[in-house]
Amino acid sequence: MPRPDGRVNDQLRHVRIQRGWLDHAEGSVLVEFGGTRVLCAASVQDSVPRWRRDSGMGWVTAEYAMLPRATNTRNDRESVKGKLGGRTQEISRLIGRSLRACVDFKALGTNTVTIDCDVLQADGGTRTAAITGAYVALADAVTWMRDKRLTKGDPLLTSVSAISVGVVEGEARLDLCYAEDVKADTDMNVVCTGDGRLIEVQGTAEGVPFSREELNQLLDLAQLGCADLTMMQKEALAR
Amino acid sequence: MPRPDGRVNDQLRHVRIQRGWLDHAEGSVLVEFGGTRVLCAASVQDSVPRWRRDSGMGWVTAEYAMLPRATNTRNDRESVKGKLGGRTQEISRLIGRSLRACVDFKALGTNTVTIDCDVLQADGGTRTAAITGAYVALADAVTWMRDKRLTKGDPLLTSVSAISVGVVEGEARLDLCYAEDVKADTDMNVVCTGDGRLIEVQGTAEGVPFSREELNQLLDLAQLGCADLTMMQKEALAR
Amino acid sequence: MPRPDGRVNDQLRHVRIQRGWLDHAEGSVLVEFGGTRVLCAASVQDSVPRWRRDSGMGWVTAEYAMLPRATNTRNDRESVKGKLGGRTQEISRLIGRSLRACVDFKALGTNTVTIDCDVLQADGGTRTAAITGAYVALADAVTWMRDKRLTKGDPLLTSVSAISVGVVEGEARLDLCYAEDVKADTDMNVVCTGDGRLIEVQGTAEGVPFSREELNQLLDLAQLGCADLTMMQKEALAR
Amino acid sequence: MPRPDGRVNDQLRHVRIQRGWLDHAEGSVLVEFGGTRVLCAASVQDSVPRWRRDSGMGWVTAEYAMLPRATNTRNDRESVKGKLGGRTQEISRLIGRSLRACVDFKALGTNTVTIDCDVLQADGGTRTAAITGAYVALADAVTWMRDKRLTKGDPLLTSVSAISVGVVEGEARLDLCYAEDVKADTDMNVVCTGDGRLIEVQGTAEGVPFSREELNQLLDLAQLGCADLTMMQKEALAR
Amino acid sequence: MPRPDGRVNDQLRHVRIQRGWLDHAEGSVLVEFGGTRVLCAASVQDSVPRWRRDSGMGWVTAEYAMLPRATNTRNDRESVKGKLGGRTQEISRLIGRSLRACVDFKALGTNTVTIDCDVLQADGGTRTAAITGAYVALADAVTWMRDKRLTKGDPLLTSVSAISVGVVEGEARLDLCYAEDVKADTDMNVVCTGDGRLIEVQGTAEGVPFSREELNQLLDLAQLGCADLTMMQKEALAR
Amino acid sequence: MPRPDGRVNDQLRHVRIQRGWLDHAEGSVLVEFGGTRVLCAASVQDSVPRWRRDSGMGWVTAEYAMLPRATNTRNDRESVKGKLGGRTQEISRLIGRSLRACVDFKALGTNTVTIDCDVLQADGGTRTAAITGAYVALADAVTWMRDKRLTKGDPLLTSVSAISVGVVEGEARLDLCYAEDVKADTDMNVVCTGDGRLIEVQGTAEGVPFSREELNQLLDLAQLGCADLTMMQKEALAR
């Protein structure tokens, strides 16, 4: 069975990383994975959360959200409903945790970087696009901080990228679009460092439980995908 | 005193209206008034609110929101705070009311069009840019509906555009940017129909109370600005 | 067409301003515009909001609310629903903004005056009655403060009153009652200073868009109405 | 020690019951116990809560609230805070329960009467004034219903009144004002039927635990007070 | 009519008080009144609420809650609903008030003890079981504090226990189980000190109003029940 | 380095599964993994969520929560705060998803089973204990349903258990207690079917990113642990 958009199984969608999309943010990126479009804005604040005080260390956190009409049918706003959904909070936590894995908090100084990841359009893989774009926005914010002499040494230990993989129609596939995502038997999100180690592995049997073999196949695919994304991040940051 | 961006007093900022910015929405527009950038997405639903049932008439409503880092410093998300601010609700109500003034609800059929106006970047005049863009998104959604034979005749009685005007440093100025907005003595938002009549006039003395003469001067300026915007809307819809 | 209560078009309803209606508040007024009855209570606090600190200036704010059975049919309480409606917040902001236009914040000292405007009974024009009554309550609170030597000079630059006007059945009318309000084509609320300048003009096309001529006619009517209200405020404060 | 307002221990404050204070409500009463002033509005609705359907019986419920400046210092609004305080809910439940004790729900028909008790000014005993006034508002609403032939027989089995009693400075006193309430060792609210039976007894040791003797003394006082209030309710309803 | 579980009218259900049920809490008790099972955990904190500061006195507070499936049919969680029910807050307030009646706050030092009472299973009398168990948990927490030298003298003036009584099928009965509670005409909760004085009396006519004679009969029964519970508390604390 | 409780690296803590801990629930289990104690209650309802209607299929969902003093220091209640934390929702979603992987929804009939997992005491691994206990409670509820002839065939496709694993002090360890959890470099939760396939794998680099080798080592350990838990579940269900 061919993929909906004609890709081969180990092929990423068209990825586009536009830096400096916003005038005010210390770092900002519009990242696209095919039809998925996420605006990542990094904001620097010269203080840390209360529980972090007196540690001499900084903090990095993230918030993920989706515009009401990012999806095929309109979703009610969480601000109007008056509460955050579980999915929103779960992804916000994942993004923050993933980015923190690449940060030296001593070097960051007693500053907080908040990365807002707002999904303008969704076509599968919004959380992995968000992490991949957020890293670039964070890198730009760190450069801004370095120019202001707010850091002590290099706060970025490595880079971070993320990709989704899944078993669809019996085949392991990279970077699922929405049409594939909804019929995947197994769905996995993998976050990697720039040097290929793992930060987060979240595999879920949506339909049928999966074996260690399938897990390994998916991880192989994901690590290749993340290596490609790492290169695209480097190129974007070099521009 | 020259204006911060060198414009003359009766000059609009650079206005850009990009249609079809989203794949899923029945109508979508990215509208820019200088540095102000608002994404307007129109969603069509084949039902009406409960209180509207059995009337045979449709409904149009709008929701306005701002991304956390649209502004110079980051604002907390209303979804995280768990409640909508007064300003957000006030502007949402204004946009919905303004658009409804141009709609024939019988012709719209028993459908609801919701226009989401999300400010991606703010530099003054976000509500007027939102109304101006929202009309174009609404027009595209109405075309989509007409193609699906969901309407009965033309639901759009006229077009709608909006502009801010204000007294800054003793001078009446058109389309205030943020730097002007914060020091304006009088601040006014005006919503007009395509044929120059008034839908909404909201004038506020921020500093010094104003006279009928000043009010008239501002209204003259606003009606000229709206006439220009009406032409740009027509051009955008003709593309 | 005669008006529902037999008034001529430029006639106010019976206005009654009772000062000192509450024992505890530093200023309190029960204001009636015909069947509309609003209790305005001014509370003085010897501190200012956080963002106002170190400015040496005071603050004036207002909260508007309606009792559940102020209206023809009972409305659910916003406290029970757990959130403030958009209309409530919008009117609270309008009242606060209007009162602040008449205050010299340096002279007020680092104090906050909060004016609670609770609608006990509603028959149209609740926001304009609230503003008109709130000014008198504020004036009484300022006298109380002056007696306690909390002010530095006179904090009141002018007086403030407000009235609604509208186009009903093709005629410009002053001080709409509820029965007129619901069928008005254009509805406008105007806030004036005691010397006839404008603080706030909010005109809305409920049905048909309006022309500059209609706007002017309504403004003429409103400024006359506010002048009458200014006199009644003076008389009430002189008693 | 004399009481703050010079009353003897078994003396009620000046009680005033004004019927028909509101134009829209089916029953409305402004009740005063000295400086305590509560507006009670009864609203009739021709339906019952979901859990009550198919029972053929009606329902009576109540909501209690206090205006922000009813008290000596201003309290934040529960609608602004976004949640109801425990005290508010507790008193609302007490008022509803007390009124229901006098209602024949079969005779009421499948209607709901909601009694809103809004404290305009507080000087102790707000909940007992509210119950006493609410009964009169309920009686007026029932008369209104009877005139509309919405009832089947007499829905009111008896009348209901309530009073506070307490041990202050070692003495049992009737109808405590605020100054007495805050220093009472024991504080009790008693709700009685018109024929002297008990509907609710809520006694609390604020300072020192109390004995059966003290309890009995307080109950004697309360039953006398309620008998007086019953007469005043009858007189008010006869006017 | 025999009671559902065969008890005589003045007989308590099987009461079991297990201390030290939790490893972390400074005091913890699993208390059972028949099928009613409440976990009471006392937490000591070396600070007091803001309004209590600079008083040199401590504070005791309580929170009551019920697990969703404590009851016969599942109830929605209040955390999911996003607000506390009136009943929950009312009982939390009652427990806190009852415990505070036995505490010398000077001797407690500037510490706060919070007692969480979580109903694991409900079969009537959950609030009285909670108070009875909470006192034992408090006593253990106070012992823990004394060992840490956090107290100044003995903070416990007396012990506290509570029981429900009611008129069921015309008979005064002690310690109602759920099946009796739902059909009781009068329902009363009584909180006593260890030496038999009263802290709280809350009697409610659920069906028919009650007389002083019935009230007295119920109080006699309740005081006997509380005396028994006091002994069981002593035995539990002596183990 | 020995483990805090003296276990070897591939050793589970003492696991105890008590069925029938509650009288009302259709299935209930008190599960203990060492000091971690979770009460799992399964509730059967003869309907399905709205979005599931007309599918002929049932539903299984779960809610996870922690008592305030389950932990070393007291946490504020989410019901009092008025919103669910991200962690709570994330774990609730994980438990529900894991259980659904073992259910044949056609066979379940149009019924919903809700599993409440309330942590009475926490010492690491609360979510894995919850899943392991919840399966047993679900199995008991399914038996109850089968006895009532509410099912069509066997709704349970397999069993489900879960365990945590982690890299602590450079060693892969099974079933981390809290003291190990806080210092783990990598932390992973694994959910398995009774026949050893994977339902969910969630690995997180808390400190240092991890390699595929480490991941494999942890998965080996987890699958062994789940196999042991599967046997204990069988034994418990056979009792």
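Per-chain numbering from 1; labels A, B, C, D, E and F assigned in written order.
To be clear about the criterion, a residue touches a chain if its C-beta (ideal position, glycine included) is under 8 Å from a C-beta of that chain, and two chains touch if they have at least 3 such contacts.
According to UniProt, the chain labels map to these proteins: A, B, C, D, E, F = Ribonuclease PH.
Predicted, not measured: the structure shown is a model, and the values here were computed from it.
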| item | value |
| --- | --- |
| Repeat of interface A-F, chosen from A-B, C-D or B-C - more than half of residue-number contact pairs shared | B-C |
| Rotational angle, Cα trace of chain C (Ribonuclease PH) fitted to chain E (Ribonuclease PH), multiple of 5° | 120 |
| Chain centre separation (chain A (Ribonuclease PH), chain D (Ribonuclease PH); CA means) in Å | 59 |
| Chain centre separation in whole Å, for chain F (Ribonuclease PH) relative to chain E (Ribonuclease PH) (CA means) | 33 |
| Distance between the centres, which are taken as Cα means, of chain E (Ribonuclease PH) and chain A (Ribonuclease PH), whole angstrom | 50 |
| Residues within chain E (Ribonuclease PH) bordering two or more other chains | 82-84 |
| Chain order around the ring, beginning at chain A (Ribonuclease PH) and proceeding next to chain F (Ribonuclease PH) | A, F, E, D, C, B |
| Residues of chain B (Ribonuclease PH) defined as touching chain A (Ribonuclease PH) within the complex | 22-25, 28, 35, 39, 41, 43, 45, 63, 65, 67-74, 77-80, 82-84, 88, 114, 116, 118, 120-121, 123 |
| Contacting residues of chain C (Ribonuclease PH) [partner chain B (Ribonuclease PH), same complex] | 83-87, 89-90, 92-93, 97, 101, 158, 188, 192-193, 197-205, 209-212, 215, 219, 223 |
